[in-house]
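In this document, chain identifiers A, B, C, D, E and F correspond to the written order of the chains, with residue numbering beginning at 1 in each.
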């Protein structure tokens, strides 16, 4: 039994609240337990220089954390004048994960900018961000269709992500912060709605891990992500499989 | 009658939700209508170099806006690598307003760091931030007292703020974004619970303004701030006057 | 009697020396007593991106202080790699004050860039800067007219500024540095030649201030600014009222 | 048959040249075919603030690429004033990989700073960097032992890394740049000499990948890394298994 | 005959005005014709980290140019967030020149910080800066002696600098801006009062220069610097040789 | 006899290895003894803004040092976020030296970007960089001619550089690091193949130097540079004089 009473293969209570703020074309508050991330999707009628004239669009992401989202306050990156390596790593991951399910040609020469801002952190902020950003991106695509700006639907599949890890020898799903700090191996898995893998990032924090452990973790993650995909569809009012 | 149906001297619906996030010693979501600011107060057991060894504490503030808090997305300051002049101006104002009601000696050699992050913007973010930050600071002081870290209560008075402005010749209280954009004169007023003035910042956007207009605006602001102080006391569970 | 022998409502000796340096279209050394600011106005045949194609011009300001303009040396902002919040606040104020009296349409699609650099500081640098920058801007407009670059005169009114404050309970005009450091309330007032108000920025440094005190300070400032406007006209060789 | 004539499971010609430069405690030029990385290990008798007084040491890495290491010149990061997200991601990866095999307590309160600078790039720079940095770190540890600065040997195991990927449906080992650009799935694997996994980072560039494909790639990587470990031992003059 | 009527070996009118501003321990306005530089010397009771505990002091310099010191406005370095390579080169030169005549041991463990800010530029700003900075440094040393802070006089010699160049085949002394722009070879020479050379920096702008030309330029410079040293002594009220 | 057994007027062993890396149009490893600098020349089909439309090209240089090129590790400039004043000074010098022998009109509207990266440092890195960069630039010009991109040969002359200095009263050629640290006067000389001077930068580190000493140093440098020019021609396979 885990500190919060969950089974090893149990997700934290999940919340996907659409239309959380007013201005963005997509705005979703995603919560994985006490981890809360506000994901907004903004449609911008321009693309980065390397895409200009291609007819195809772009999807990118930025990630931030409010200074006191964490147990002890972190310095504000805007005040320090630069984003940390961790922030950049996470926002690059979110961007890649989103682009993996987008048909950028169908999007047309415009950008969907995803902003994932952590209001409260308790482990798993990047996986929550990916899971919420997909729903925000879906809403932005619906807005584009309603505005008559796109003909073809630009999302080829859904995408969601979860963390798994081995804590005291036991593989656990969806690590909370204290579990994440204590784990030997930490893995983030990003998968499509069809069950394909987009990213697998496993890191040995202490001891190295074996192929067998890797497989256990992937099994856990696969089952967890399937639940996330169902929750995404439910939240978007799509008929479930 | 204003666009949102308010009278000229009417505040927008006010919301002061304490304990909005878990980790901070004070955490308040303040809403002035559609303007929503998350204000956290963090206690840090250190002071800036110029206060070291003084025995007295420090109170300071930082301000930020999520990129899509606004109608069109703004660049993320952390990604640009610097805070705008506007951001710095606002966070300096919040810090001064807070220090005006603090007994820094009673606080002891520690810092209360206020973070005011705008989740959604519709005008008046700095005045909402001051009004909410006071409540968060009050909670942080209560926490300090509960922990036995302070003997004397370090807040000498309450502080709140409101914007006023002249739009099409009519003085209005608590300007929404469209009113703010259209106004000739824009003023932010910060006052204590006792009715003393802390800051008066009036700016002619178009035509210059007269002493008579200044006085009308201050009358409006004074009445509005009195309501904000009552709401702060209510929110903090303090017996009203 | 004040430390330098002035009456409470007396300005420091004022100096407005035009053509102080050779290259700028307007170049004015303004001195309020020991505070000396070099204000240059540069005409540039381009406008910021947000004004392009509008047919109208732009007026903006930058402010700086030589490292040893002050009693103890301050770090050079160019060496630190960023402008302080104070610097940005002041240059934004100067820019707003200048734009308030400009007819940007009459200026045509060009920029007047004002640079206010403090050679020696003794309180009131921002008010001296505004007062001198107006004279430099006037010279730049005359230059534009002489060059045949403008048809209509782009200045609608004069603008000047002064500080006032309450020191030991006494309202004083045009604070020197030691007075500024000691004051309870500090106010900067920017007014047009016609007597309209452009900016009122009052700040309680210690105790809050009352409406009555605010009014006393505004009375003092109004009388002081009238004298500054006369000195500006005199310096520009304009017939006085 | 691959463009350079290799079999799918074949490494590029490997070179590990120790003592490549004079000053560093460890200095290794590693080449994976045309990819050449200079890895230096510097011993510094201090640790970062968060390790001070712990008695234990630290191992960290920085990564850079000469501007014309690549086909077309890239901007120099020092001239741009910041390291890219990619650079930071890679140097964080190298640092984690090295720390995974270090006994930081045995190292004592000092830092081994690894610098991995790419002289010529043809894909796989991060895996070459990890493989070479281990040899440089080993030399630095030998130097520490020769100097009598350490009692216990601080390396618990070897570490090496390789890239694998699926190109046109075929799993390939040790991708050259043109293969890397064309691949659907790209994976970097870091393993210890004992065969434990330290990092697995798989990314779908185009289509998602399956568990079966993941397993094929891991098999390839495991075999390749075993060869790298033999080469490391050979280069260090250690008796092979 | 030159554009301004000077002979080839003639300096521009020289001005060395001490006590130009009030706060600095030394403050000198130096003018070489239309080139005007304000040089202040600030005494600071601390030294850079690499000098701490040495008992000896440090002398360093910073250089800046007001944005409109030049014919067309240059960007403000503080606003751009960095000093140009040219600025850094010049301030390093000034610092080296000053240290060459200082007995840093006699100065004691304190710093003399020289700030050279160009108010108006017409060629030769770095040589004017060195010439004026010496006088400011001398005043700061006198102040130190008057305060009883030093026992031994810390200046071993005087230092001054001049530019020379070949324009249309003719060697000229003390180049004005238009001469500097047109010259084939440009040389800055820094010499002590005793006639020793501190810095010789000759640059071929167009054609290369010969040893014979180099010697002509050095002859010119030597004679010019002797005049500058006389002017420095006169300005400081020292009995001339 | 010097520490490394050289005569006073003897160069260190010189190495000019062309085609050191694959991608650049010119790539030369230059070694002056233990000082090793990789010089690459990259052809880019664009020019800086101030050259656009001129029909003429541009030649520029950047300089860097690997963190552990030196005896003790230096901070990585990319990680610090800025290039030091020394770095900027050196890269400006290299750029000027190269442009002095280029016919920029013959180059056509394109840029040759020289990158000089120090792999190992033992004094004289800037002079080695100039000497090697010329050979790399020559290879880039040959590439341009082979590609048919230029008609006329854009190099008017060769260029090379050497350091000289007075150590314990003895003028020495091509200073190694320990000699450079100990020298009273340090001079870098850049000359063309025809024997013209491009740059002479002499600095008194301790005592000032005399005209006679300057002449001794120039004699030494002239003879040394003549040898460097022969080595450049040999390396390029050009018939020697």
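Rule of thumb we're sticking to: a contact is a pair of C-beta atoms (placed from the backbone, for glycine too) under 8 Å apart; a residue touches a chain by one contact, two chains touch by 3 or more.
By chain, UniProt protein names: A, B, C, D, E, F = Ribonuclease PH.
None of the values given here were measured: they were computed from a predicted structure.
J.: Which one of A-B, E-F or B-C makes the same contacts as D-F, at least in over half of the residue pairs?
T.: The same interface as D-F is formed by A-B.
J.: Could you tell me the distance, in whole angstrom, between the mean C-alpha positions of chain A (Ribonuclease PH) and chain E (Ribonuclease PH)?
T.: Spacing between the chain centres: roughly 59 Å.
J.: Please report how many Å separate the Cα centroid of chain C (Ribonuclease PH) from that of chain E (Ribonuclease PH), as a whole number.
T.: Centres of chain C (Ribonuclease PH) and chain E (Ribonuclease PH) (C-alpha means) sit 33 Å apart.
J.: Taking the mean of the CA coordinates per chain, how far is chain B (Ribonuclease PH) from chain E (Ribonuclease PH) in Å?
T.: Once rounded, the distance between the two centres reads 51 Å.
J.: Hunt down the residues of chain B (Ribonuclease PH) that sit against at least two other chains at once, touch-wise.
T.: In chain B (Ribonuclease PH), 81-82 touch at least two other chains.
J.: If you start at chain B (Ribonuclease PH) and step next to chain C (Ribonuclease PH), which chains follow, in turn, all the way round the ring?
T.: If we begin at chain B (Ribonuclease PH) and move next to chain C (Ribonuclease PH), the sequence is B, C, E, F, D, A.
J.: Across the complex, what residues on chain E (Ribonuclease PH) touch chain F (Ribonuclease PH)?
T.: 82, 85-86, 88-89, 91-92, 96, 100, 157, 187, 191-192, 194, 196-204, 207-211, 214, 218
J.: Spell out the residues on chain B (Ribonuclease PH) that touch chain A (Ribonuclease PH) in their complex, using ranges where they run on.
T.: Answer in residue numbers: 21-24, 27, 34, 36, 38, 40, 42, 44, 62, 64, 66-73, 76-79, 81-83, 87, 113, 115, 117, 119-121.
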